[in-house]
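In the two complexes below, subunit A is the common chain; its partner is subunit B in one and subunit C in the other.
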Partner chain A sequence: MKRFTWAAPTFYIIFLMLPIYWLLNMSFKTTNEILGSFTLWPNEFTLENYIAIFTDPTWYNGYFNSLTYVGINTVISVTVALPAAYAFSRFRFLGDKHLFFWLLTNRMAPAAVFALPFFQFYSAVNLFDTHIAVALAHCLFNIPLAVWILEGFMSGIPKELDETAYVDGYSFPHFFVKIFIPTILAGIGVAAFFCFMFSWVELLLAKTLTSVAAKPIAAVMTRTASTSGYELGLLAAAGSLTIIPGAFVIYFVRNYIAKGFALGRV
Partner chain B sequence: MSKISLRGLRHSYLDNPANDADWALKSMDLDWRDGGAYALLGPSGCGKTTLLNIISGLVVPSEGQVLFGDQDVTKMPTDQRNIAQVFQFPVVYDTMTVYDNLAFPLRNRGFAEDDIDVRVRETAQTLDLEKTLFNRASGLTADSKQKISLGRGLIRPDVNAILFDEPLTVIDPHLKWVLRSKLKEIHRQVGSTMIYVTHDQTEALTFADKVVVIHDGTVVQIGTPIELFEKPKHTFVGHFIGSPGMNLLPCELNNGVPLFAGQVVETENGIHSPQECQNLEIGVRPEFVSLSESGIPVKVVNVSDTGPHRIVDTRHGDVRIKLLITEDESIPADNVHITFDPAHTQIYADGWLVSEASK
Partner chain C sequence: MSRKTTNQKAWLFVLPVVVLVAFNALIPLMTVVNYSVQETFGNNVFFFEGVKWFEEVLHSERFHASLLRQLTFTSIILIIEIPLGVAIALTMPRKGPWVSVCLVLMALPLLIPWNVVGAMWNIFALPDIGLLGKTLNSMGFDYDYTQQPLSAWFTVILMDVWHWTSLVVLLAYAGVSSIPEAYYQAAKIDGASSWAIIRYIELPKMKRVLTIAILLRFMDSFMIYTEPFVLTGGGPGNTTTFLSIDLVKIALGQFDLGPAAAMSLIYFMIILLLCWLFYTLMMKDEEK
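Up next is the complex of A and B:
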């Protein structure tokens, strides 16, 4: 029995890695090979697909656009959520619990519900097809999430820390920036990570609210065929590249995510 | 360094306190002498911490004034009051080293780095923190963290007062004793006002020159440990301080003479006006009750041995009376009688000591 304990994790990992392997595998093949035969590894190994992406502005601008609005969104969400979460964790006010719960209801509706109002509104105020438009639209989902995550981390810090800092001669703004934010840095990391993830993978709003100037990579990828026919190799290469930023970000917060789960807020 | 006075202080955590129970602190006038070592003693939830937070400025009182010397500081924010406060549970700045934690209050007040270094090393030495001085504070044990908290409270040379809110709760008993003597020693050296909140009578009595006993948001007595022991002003003090606490016996009045169990009880104070005759009780500490040939007949219920002496639990009817006897004193098998020491037997009306002044 003991000899086979390696089997379960091995199969599990193979299972998890298979789609990713297949994506990478395809990205190094020509479209003809993908469509023409079933091969477990690229027979005609090619970097053409990647070269195409890095030289064609419609492709690489997709990445820039996505990263831009995701970045803006993450910064706005965390900046706004920090004071809000502080208020929820430290003060008691009329209806605080209801308000806190109500924040979550914003996440209960699918993004599609908000696509039409956002589209109409942004068209009216000339925000359509800008990065900030998508960033603000995603805030609707990300700020409540960030408030929830941060509130959990902040409530884990005793109120006496605030009081000690006042006693030690710090005013509130000073304390908040110099002591409090460094103390909950892990929480901020986790909150930022989740904002990033949501905004990075969200397609519907991002696609609806942009046309050319701010078109995200995911929207570019929905273009499966071009003048030269199906370009599956190119799409696979684009997909492989899209995984990278997420993997990169998760690497930095990997240790804190577990803490977030322990607080029951992720 | 100045005298701290509280004038007509009242506080409620509610916006519109309706009745007496809504007030966390009920009408308080107190003076804390500059350089005194005080203990605030009372059961949990009696308003001790509230009072402390009002002095440090973390809580603004609903009514009344806080004065440092002649200056009214009631509305002044904490960071400008020049107060040090140590909380019940360790508070350290996790992102800093032990050294930076200790130096923090000094740096905020613009001390020169050289002076800071001297102070930090001194304080670390007193609290035995030298070995971990340059470690990050986050990895330390609870009692080391609490020592850092204490250190941060003690490090500033110029504070108006140092407030301790049950600072030794998380520390194990042996170290507790050591640190308490340290605090006492530091108090003697620097001579700043120290206010020490606790619900532990041993801690209060060993630390303080003067003990302020709080019960239900009211100061019931301020006095030296001896005064609290020998002459409790309120039955709560008698009951709360001392182990076991004071015996309280219901009493009747016959021509101005207190009677218990049909016998005249000689007391140190007396009843002089008929208004005082509500809910009369006789209070006598177990230390001042003795076995005798005649007196009040009682039944011995239990004897527990505490080492240096024995606690005898007796009953007269429904009333429990405890007394202390030495190891070699013997308890008669039956016909047990007890007497009270008149010099240490007091009479209380509605919980309060019937005052000498009305004599």
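Up next is the complex of A and C:
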């Protein structure tokens, strides 16, 4: 039996790779070949679809827009979550448990419930169609997540570290920046990874809050699919390109992924 | 836990988080509550309606149908993904270069934007030019997810299994890899079978991460919107219209703000209630 244990993960990975392969396969085909015949690999290999994306500003700006708001969101979420997670891991204060549960509830709020009010709210404060609006809206589910992950990492660090630093005459801000943050760098990496991930994959809110100037790549795709007929090749190429940033990020944090998922109360 | 000191000033550290999340959560939620009790005939004139919309939604057959579809979908997802994820995590290599390869490849679907997942499966499952659709049809199955409800359900479920089982795998794997080597050695000395090792060592040790996995999969599958919307658009007919899709149809498609807001709140309450149950059960377990 031991000899065949590799079978399950192998088949599973093949199953995971098939749709991705099909997407890549299609992105290198011409529209004629896609619609005309069923081929397992491109017969007339073409980079046309990718060239179309890299030369058209509506397409490549979509990528910049997405990366911009994801970046802003990750920075905001991790920055404000750091002191909060420290407070939850070190101190007991009035309403701390309720506050923690309230944060958790925001992770459970369906985006569909918030789509319309967000649209009205951000229009009212003149932030509609800006990167910052999407970045702030995504804080709704990313800040709670970052707080949990960081709290998990911080609780694993003994309190003696703090106490020794105070005895040595460090002031609190000095201790926090110079000693504490470097100690939990791995935790910050994992938290940033999850914020990046959830902001990158979310579309409903991002689409609702933007029209032209900050439109995410994923929304550009749906618009193109519906207006200029069904250009499957172009759609496939754009889709393939959205996989790349995620793949990069996974590669950098691969040693922490499993740990990050398991931490504390995610 | 007992080493925490009481310090009310800690509120200052939490304040930025509270302000930002409240800004995002409370103000929009109040808007929803506001709409849920009012009627409008346009021109921003509103009338107070009390609980009329709530009664209407709770008695509407459309809501019952979407809720039933949602519950069916979520149960099927949990029944397939949790055991499958655990089985794969248990058979994964524990050390060596293959661990990284497996983890990176498995995490890949989790980082693809949700509508790209939908579009990808849309292309993959097309009956004439998609790999899955073509293969099934040439094997003799009558498969067309744009026309037949059964095919559509099959595709939506397969897509979700593809998309999210890895989350369960990663969680379960993290649980398994935290088991000390000594446990396995002890089991070996006692001559335990591999089933006994799974049943009495690995599953109990994974209990905590599995609770998290079930909770996360429950919440996310209950809120699913983008992937089925891109894949099937809720069709054929209304057969794959889950709660979120129905809600967006009512709110942004028909602009029936009152019923949509009431439905939002009921929807949110259902998730909150079920998660609160999970959360308290989890905490109770930890206190033991």
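FYI, the second predicted complex is superposed on the first by the 245 of 266 C-alpha atoms of A that agree within 3 Å, B and C clash if a C-alpha of one lies under 4 Å from a C-alpha of the other, contacts with A are read in each partner's own complex, and residues count from 1 in each chain.
In this text, contacts are C-beta pairs under 8 Å (C-beta built on N, C-alpha and C of every residue); 3 or more make two chains touch, one makes a residue touch a chain.
The structure displayed is predicted, hence computed values, not measured ones.
> Between subunit B (first) and subunit C (second), which, if any, makes contact with A:Ser171: first, second, both or neither?
The answer is first: A:Ser171 touches subunit B but not subunit C.
> Name the contact category of A:Thr183: first (subunit B only), second (subunit C only), both, or neither.
Touch status of A:Thr183: first partner only.
> Would you check which partner chain A:Thr105 touches, where first means subunit B only, second means subunit C only, and both and neither mean what they say?
Second partner only, subunit C.
> May I ask you to decide whether A:Leu204 touches subunit B, subunit C, both, or neither, giving the answer as first, second, both or neither?
second
> Applying the touch criterion given at the start, work out whether A:Glu163 contacts subunit B, subunit C, both or neither, answering first, second, both or neither.
First partner only, subunit B.
> By residue count, which of the two partners contacts subunit A more extensively, subunit B or subunit C?
Ranking subunit B and subunit C by residues of subunit A touched puts C first.
> In the complex formed with subunit A, which residues of subunit C make contact?
Interface residues on subunit C, with respect to subunit A: 3-11, 13-14, 16-18, 20-21, 23-25, 27-29, 31-32, 87-88, 91-93, 100, 102-116, 119-121, 123-124, 128-132, 134, 162, 165-167, 169-171, 173-175, 177-178, 194, 209, 212, 216, 219, 222-223, 225-226, 230, 243-245, 247-248, 251-252, 257, 260, 264-265, 267-268, 271-272, 275, 279.
> Within the complex, which stretch of subunit B touches subunit A?
53, 56-58, 77-79, 83-85, 87-89, 91, 93-95, 104-105, 108-109, 149, 152
> Which part of subunit A faces subunit B closely enough to touch in the complex?
158, 160-161, 163-164, 166-171, 179, 182-183, 185
> Help me check something: in the complex, which residues belonging to subunit A touch subunit C?
1-2, 5-9, 12-13, 15-20, 22-23, 26, 34-35, 38, 40, 76, 80-81, 83-84, 86-88, 90-94, 96, 99, 101, 103-118, 120-121, 136-137, 139-140, 143-144, 147, 159, 197, 200-204, 217-218, 221-222, 225, 232, 235-236, 239, 242-243, 245-247, 249-251, 254-255, 257-259, 261-262, 265-266
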